[in-house]
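By letter and in written order, the chains are A, B and C; residue numbering begins at 1 in each of them.
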Amino acid sequence: MNNLEKNIEALLFVSGEGMSISKISEIFGKNDGEIEESIAVLKDHLEKDHHLAILRDGDRVSLVTSAEASKTVEEFAKEEFSGELTKSGLETLAVIAYKGPIKRSEIDYIRGVNSSFMLRNLLIRGLIERVRDPKDQRSYVYRISADFLKFLGITSISDLPDYGSFAQKLEDFVSSKSTEVQG
Amino acid sequence: MYELALEKFSGPLNLLLDMVEEKRLSINEISLSEVADQYIAYLKALEESSKEELASFLVIASTLMLIKSRSLLPSLKLTEEEEVDIKELEDRLKMYKFFKEISLKLGGIGKLKNHLFGREAYAGMSYFFSPPEKISAENLKKAISDVLEILPKVNDLPEDIVERAVSLEEKMAELKERIEHSFSHVFSGKTKIKDEEKVDVIVSFLALLELIKQGFLIFEQKRLFDNIEIKKYE
Amino acid sequence: MNNLEKNIEALLFVSGEGMSISKISEIFGKNDGEIEESIAVLKDHLEKDHHLAILRDGDRVSLVTSAEASKTVEEFAKEEFSGELTKSGLETLAVIAYKGPIKRSEIDYIRGVNSSFMLRNLLIRGLIERVRDPKDQRSYVYRISADFLKFLGITSISDLPDYGSFAQKLEDFVSSKSTEVQG
């Protein structure tokens, strides 16, 4: 593959949900026809040498696993999303339960580690949900999902044991954040 | 007097290394004795800093005082432990220099912005409700208690550093005593000074003046020809 | 590439954060040696024909874009490397990268200052990880993360400057006798 083809692939790789042809043309300063040609080359290469494919949805293209890999991917999903949570998964979930709706940066601050991967896992399992922050439309907050609340057998989050005192302790800690020295 | 602001330094080793390098010296006992005054003078500017911050600077100051005293007063006997401290400070400073140079290289590499990017985990995978079977409200409560238990407290002060700083004062007092003791036989006048000892006397006297200049000691002579008394600066 | 190699790639593609060799072995019912061989083939293929690469962090492998694509994909990637690192931050990372896994007390000793706030900051940014000390389960050790390697644009810790000869260099540095003439 040539440089343009390799870069288009890398771009689709990181973008996740994919991109429109016109957007890709704009990024590389090419016309749509040239980009279509490159994508055709990429598609052929993937078909021959990989279990990845180009998914086309109208004007939108994205990089996905191909049907040949579906058994592998299912196996992985079964492993990853069933069974008990890890200690750090459970802690992340507990922080969201007692302090949600809560921003990712606040979760990270409370737990003292980066939680992004753990949040993805809890989202896919449907235990939490991500919604726009009502105070700042550009950012997101996390909270317990309705399904999970029902699963726990409680009607409101405030029915969690000792909800009031734990929520307050977490709040106190988060509000001390501004005094911390940044590195 | 050292003019640079404290914020420039990430710690006492950083400060010391900077002083040695500014004089284009390599790290050894001689160069450390040359910057000792400067380092200790700098500490005075640090008095306003937090207790812990000051403590870590003082621990190193105590070893520098030993080095300085010995360089000015070769007759001063050091204990085995003090010899180890001096060697250790040299080694630590060299090791620190090594890592500081590496960190500058890493900073340079980071600035190139040749970052590598991964794919978002599970991108394109649709969510399905799959709760862990054993989870309960009680588990969540237990988990949040664990989280709260290990939250850091902002004013955590490692006690060992403070203890070491307290013992520094004792060390200074003790060092002063040994210096006085060392002087007393030289300056007492009871023994006749041999020629080969004259150099020692001069060196010792210079040392005395140097220490007075640094404010470690003051001396008093109540009348002309009276004994010179050496006192710790209060 | 053969079927196994293609499937491993598809798996890494989906998992995003990467997986341990032993986990991959388990999923495909192979031994670690066979998986290592397949990954070597995949790595070579990606280097030759793609702007993608295999990143190695301890026993974990993940699929990432290569340095050639950095400038192109930077703006569209989901993850970002936020903020500059301070001198102290870089210093702490250098110690952990070259001496890790390492205890906090050892980091403090080398740096001459208490590193706890800096370590917390780096943990939250995901540039280091904290794990139980294999020699003493009650205490922790710190090591660099895959994100740190991604930040620097290298696919393995061994690509760090002077990493291979590091132990020797440090020893030379420290044990050089203090008899040198001042410069």
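Following the convention adopted for this analysis, a residue touches a chain if its C-beta (ideal position, glycine included) is under 8 Å from a C-beta of that chain, and two chains touch if they have at least 3 such contacts.
Everything quoted here is computed from the prediction, not taken from an experiment.
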| item | value |
| --- | --- |
| Taking each chain's C-alpha mean as its centre, the one farthest from chain B | A |
| Of A-B and B-C, whichever chain pair has more C-beta contact pairs | B-C |
| Between chain C and chain A, distance of the C-alpha-averaged centres to the nearest whole Å | 22 |
| For chain A paired with chain B, centre-to-centre distance based on mean C-alpha positions, whole Å | 47 |
| Inter-chain centre distance, chain B versus chain C - centres from mean C-alpha coordinates, in Å | 32 |
| Chain C: positions in contact with at least two other chains | 13-17, 63, 65-66, 73, 77-79, 88, 120 |
| Multi-partner residues of chain B (each touching 2 or more other chains) | 117-123, 125, 152 |
| Complex interface listing, chain A residues touching chain B | 13-14, 16-17, 62, 64, 77, 80-85, 87, 90-91, 93-95, 97-98, 110-112, 117, 120-121, 123-127, 145, 147-148, 151-154, 159-162, 166, 169-170, 173, 176, 179-180 |
| Residues of chain B touching chain C in the complex | 10-14, 24-31, 52-53, 56, 60, 90-92, 94-100, 102-107, 109-110, 112-123, 125, 152, 156, 158, 161 |
| Residues of chain B that touch chain A when the two form their complex | 117-125, 127-141, 143-148, 150-152, 154 |
| Residue ranges of chain C touching chain A (in the complex, touch as defined) | 1, 3, 6-7, 9-11, 13-17, 27-28, 45, 49-52, 63, 65-66, 68-69, 72-73, 76-79, 86, 88-89, 92, 117-118, 120-126, 129-130, 147 |
